[in-house]
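Accompanying notes for the structure given below.
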Amino acid sequence: MMPIGHYLFLSLALLLIGAVGVITRRNVIIVLMSIELILNAVNINLVAFSRYYGDVAGQVFALFIIADAAAEAAVGLGIIIAFFRNRETVLADEMDLLKW
Amino acid sequence: MNAVLQGVLAFVQTWWVELLCAVLIVLVVPLIAGYIVLVELKVMADMQARLGPMRVGPHGLLQPIADAVKLLIKEDLIPDNADQFIFWFAPVLSMTAALTSMGAIAFGPWFQVARDINIGLLFVVGVSALGPFGIVLGGWASNNHYSIIGAIRSTAQLISYETTAGFALVSGFLLAGTLKVSDIVQAQYAGHVWYVFLTPVGFFTYLIASIAETNRAPFDLPEAESELVAGYMTEYSGFRWSLYFLAEYANMIVVGAVGTTLFLGGWLRPFPHVAWLGWVDALPALLLAAVGVYCVMRAGKQPARVQAMFMWVVALLCIVVALIFGLVEVAHASNFAALQASHSFLLLRSMYPGLYGAFWFLLKVSAYIYIFMWLRFTLPRFRFDQLMRLGWHILIPLSLVNVISVGVGLALESSLGWNRWPAMILTSIATLFVGMLLIRWNDKHAAAASASIAADNSQVEDSYAG
Amino acid sequence: MNDLANTIDDRTPQRPDTLLGADELVINMGPQHPSTHGVLRVKLKLDGERVIGSECVIGYLHRGVEKIAENRSYQQFAPYVDRMDYVAAVSNGLGYCEAVEKLLMVEAPPRARVIRTILTELQRIASHLLWLGTHALDIGALTPLFYCMREREEILKIFEKYCGARLTTHAFRIGGLQYEAYDTLEKDVERFCRGFEARIQEYSDLLTGNSIWLGRTRNVGLLKAEDCIALGASGPVLRASGVKWDLRKAMPYAAYDQYKFEIPVGANGDTYDRYLVRIEEMRQSRLICLQAIENIPAGPIMARVGKVLKPPPGEVYHAIEAPKGILGYYIVSDGGTQPYRVRIRPPSFINLQALDKMIRGHLVTDVVAIIGTPDIVLGEVDR
Amino acid sequence: MLDSIVFYFFAGIAVLSAALMVTRRNAIHSAVFLITTLLSTAGIFLQLRAEFLFIGQIILYVGGIMVLFIFVIMLVRLDVPLPQIRSRARQWVACIVALVVFLEAAFIVWMSQKVPGQGLLVLRAAPAEKLPPNTEDLGKSLFGAYLLPFEIASILLLVAMIGAVVMGKKRTDAP
Amino acid sequence: MADESKAPQSPESPKPAAPGPSAAPPAAGAPASLATKPVAPAAAASPPVQVPLDNELSRRYRERFGAAILDALEDRKQAILVVEALQFREVARYSRDAEKFDLLEDFTAVDWPRREKRFDLVAQLYSFPNNTRLRLKCALRAEEQADSLFSVWPAANWLEREIFDMYGIVFRGHPELKRILLPDEWQGHPLRKDYDILQQDTAWVRENLGIESGQ
């Protein structure tokens, strides 16, 4: 087995790419997808540690994160649809109203 | 360099059975899919007072091959405004998902690629859940209204019915107590019963959901010919189209295999514990031999040389396989002490479970697929909202209730010490009752809904114009 | 909601009745679409999958039949009418021949009229069978089509034996019949009719009680009786809406006044009722055929009309109950050998007008289920 | 040996397609690359002997969440490429954030080297035979030690579902 | 109606027996030729096929509309009312409401190029309660517009479009008057008598079908 650092660097790379996506993209859907990517990076971390310590807790948390991602996606996409219906845009910087 | 080579060699040495199975799946499934199409045409013809394909080969036996050749040499069109990359990628994805998911299926006790994977059937279900991507992306990439509508329909449909299928599988998993394919079959062997008898509701919800998942009539809305031309496949032709087509039929095999494994006793022959029914095992050899003889008889009457030659090949194949079956059967049944020491005898003998398991398994899968065909030629097509209503208002609650009732049954068994049979019968009856209630309730609502559509229709302002 | 809308900036147009405010989708059905029954093109305006408007584009099969009529003699034009509703050629021929006979003020002899009735009723069955098969196919039931074709084949064989043609038969002549009934006509018709009841039962078994079929056809494509009449829709469409009216009873022609039959009517005027009405009409046609073959009067089969037809100047309108509805012929004569004007009132054309009314508010899927129910034949719509 | 080949294969695909995902203009293409990333992550889970998570990732993430994404992208007609970043400032922000996080991580790795035998680059996995059957073990902890979080997660999902339905519903209230 | 000028040398010539305007069937040309009505010339031996209609129905109409009912005839036992064009829609509405002719069975036109009022509009009405038919007619000059019957019977929609397509008669008040059977850009109105049977819009055919001629 490889040392755990490999997994951590992979996770770090995905996290960074996700963060760059969140910051630079204007399209809210792609921003959401970048967030999914970040969550996924976290999962790699958890599963890797779970394997390395022979403890299943990490995987349990990874499962919770997947559930959380599902909830986040559902709500996020719901907001996007509601927003799109009213404003016909999905660009993040045009979402400047706190209320509509 | 040498180290890499050695690594590869070592890899092959450890995994050769799995590799062989994988290669076989990739090679044989398209052929089988082609012949399922032929069988479908023949079944359809039989139900519709026709003959079906008769031209290529005797009774159209070579039709699938002619079709395949035609598809391969057909011009491969990509629409101008299509998304080239995804248009190329989507059918490959569909096909890959379908073939990969076969990896965890046990076609008999031997024939399985991912043998000791402990998520077993879950793997099959999960990977075949990738299939919708191929459909939805292909529909989107075609840049065509029909394709997009077909794609959206199919996604919605697949997601809805996957839930039902999942719950139905859970009820089976609960009974088996494991996800591992071979253990599921062993559990049914040990329990002396196929799970279809313990949880009939589970089986039937799975049957319906699997028809919907493979986009077959009466749930074939994504490719409803009379409305959406060919749905998501409208813009596809030639090889890419045939990939979709193969994926569809491969998926039929997959869902059939999953249903068979979980509910119909997998590769077990009927009544595996009843010794005097042992003669049933001679059936495959006899059947194949009969087909071979028939082919020999017909070979002389073929109009074209190629056809005759092909017939001979088929006949030879059948007879050779029949001989192998026969030999294995004899080796298994006989008890000569003199032969016990012979190496080849032992080999033959050890082949017995694998061969016969595969035979019974495939027979059950065929029966399962026959049900698909039967329904297709009997029933009209659902409307999309009706399909969704059936899925969400009846099947999902019903399968959920079924999971609970199976759980209750198991609890009765483990904590109150009931027998498994009475517990399961009791809970199944309860589930059926709930199902009836659901259907009645839904009928009432469906009538109200369609009445409201009708009322809507009369309200729509119209000027008779156009 | 209104003041909320005002807070949104003005750039966004308000389109409340479309899905997600996206543009309406315009889908083109036909002329090359598997379920538009020929070269009909329907432009559907959709909101999601719901139809909010439609426009029929027709004329792809226009041949100028009415213009041709003005340049042919009366007899020469008769074969042309077969090409209009080519799945019910016999009925077309009957209408035209009777119209010209009226114009000439002659009447076909009784024997001719009875044979005409038999053939026309067989044609009605054949036409309804074809309709049933294709309609079921539209809704996704594959099998009835082949059953229907099987029975239609028997009828076409009778036609073939009678006049040598199967589809565009030109079975009748102005003034009567050209061919005497062949020897076994009665026997053939009787054999067909005897077996046919069971066959109809077969279709009913497949469809009538099938809950998917019911779900697809009930309350779909509703057309009220007032709308039917206002839009001119006739035939089974009108009867399915509950109007108990049939030209064969109202203004009998040929030999229909001699036979007993019922006019089936529907209750709601939906797709299912139209299906039931047509099924029942097939049963009634079968009964008419059985009554007719019992007693075919002897006698001549042709009235005395000259070789050259020169009807006195004037005009006549004659309509029959074709399988699809009122098929009318308005013929103006100027006393010459060629008609001055032949106007054909095609039932399909006018029933098709009601399509828009039927499909509004339904889903695209229902359009496919509805589009077959007026039973249109594009050869007749476009003429 | 085989292990590291498998790991680098999947890791390479994951990083590459993640990079493609954030740079594609077309949202559908982004989604496709995200799917690729998620699938290769699933492969890494398998390599880590987390079989249940592997299939969970495929069924839930790929088969569920991503289908939802694609569905929404199609529904709101995002298939047209949208204009990219307006200002360069954001790109700078992104670069700086990335740099800072990277340095931080590198620092941690460097720090961890100081503990002998526990450094992140040398920590080895527990022996395979120590691992219990994955699925059963996971199930036992989910319904045992982590029952409360599990229930909370399910409530969260329920709430999210209701919220999504409410927000996604077409508003038909009359003015 | 650009081809109006061609009307005189219209292709009625292939019909040698075609009668001149004076010998035209009286029913059709009634408004222009009240004087020629009793002629009924050709069939000297047989009884006249067109006789004046004098029954309850025609009396009611005359009473209601007076001079607007130009003529009432019976041809082969079929009732015909000839109506002033301007009153056509009113008569139609009255027929529907008071006389219960609730079905517009057919609506068409006939071209009489030699007459002063060139086009006849012919509507076939049917009454469900009384089981009778009635034919309403009116005559139009070449350029004259007609009132659309769409507001009386929606069924007139396509029928009027077809008349417009084939004869070029424009209907006032029609919601969407455009060609129905022929292509929208087609030149000419084929059912006019001056449109030869071999004639076609060759320019359209060449442009849209890519062939020299459709014949």
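Note that the chains are named A, B, C, D and E in the order they appear, and that numbering of residues resets to 1 at the start of each chain.
Please note the rule applied: a contact is a pair of C-beta atoms (placed from the backbone, for glycine too) under 8 Å apart; a residue touches a chain by one contact, two chains touch by 3 or more.
Given the structure is predicted, the values throughout are model-derived calculations rather than measurements.
**Q** Write out the two chains that share the greatest number of C-beta pairs in contact.
**A** A-D
**Q** Average the CA atoms of each chain to get its centre, and name the chain whose centre is farthest from that of chain B.
**A** E
**Q** Would you identify the chain whose Cα-based centre sits farthest away from the centre of chain A?
**A** Farthest from chain A by mean C-alpha position: E.
**Q** Centroid of chain A to centroid of chain B, CA atoms only: how many Å?
**A** A distance of 35 Å separates the two centres.
**Q** Per the centroid of Cα atoms for each chain, what is the distance between chain B and chain D, given in Å?
**A** 31
**Q** Could you please state the distance in Å, as a whole number, between where the Cα atoms of chain B are centred and where those of chain E are centred?
**A** 66
**Q** What is the distance in Å between the mean C-alpha positions of chain A and chain D?
**A** The mean C-alpha positions of chain A and chain D differ by 6 Å.
**Q** Where does chain A touch two or more other chains at once, residue-wise?
**A** 81, 84-85
**Q** Please list all residues of chain B that touch 2 or more other chains.
**A** Residue numbers touching two or more other chains: 464-466.
**Q** Which chain E residues sit where two or more other chains touch them?
**A** 154, 157
**Q** So in the complex, the part of chain C that touches chain E is made up of which residues?
**A** 58-59, 62, 64, 66-68, 70-71, 102-103, 105, 229-232, 234, 243, 245, 250-251, 312-317, 319, 326, 328, 330, 332-338, 340-341, 343, 345, 349-350, 352-353, 382-383
**Q** Considering only the defined contacts, which chain B positions touch chain C in the complex?
**A** 44, 47-50, 145-146, 149, 217-218, 220-221, 224-227, 229, 376-386, 446, 450-451, 453-454, 456-460, 462, 464-466
**Q** For the complex, give me every residue of chain E touching chain C.
**A** 14-15, 17-19, 24-25, 27-28, 42-43, 46, 49-50, 75-76, 78, 80, 102-106, 108, 110-111, 122, 124, 128, 131, 133, 135, 153-155, 157-159, 166, 179-183, 190-191, 195, 197
**Q** Across the complex, what residues on chain D touch chain B?
**A** Counting only chain D, the residues touching chain B are 1-2, 26, 28-29, 32, 35, 51-52, 54-55, 58-59, 62-64, 66-67, 70-71, 74-75, 79, 133-135.
**Q** With touch defined as at the start, can you tell me which chain D residues reach chain A in the complex?
**A** Answer in residue numbers: 3-4, 7, 11, 14-15, 18-19, 21-22, 27, 30-31, 34, 37-38, 41, 44-45, 48-50, 52-53, 56-57, 60-61, 64-65, 68-69, 72-73, 75-76, 78, 82-86, 90-91, 93-94, 97-98, 101-102, 105, 109, 119-127, 130-132, 134, 137-138, 141-142, 145-146, 149-150, 153-154, 156-157, 159-161, 163-168, 170.
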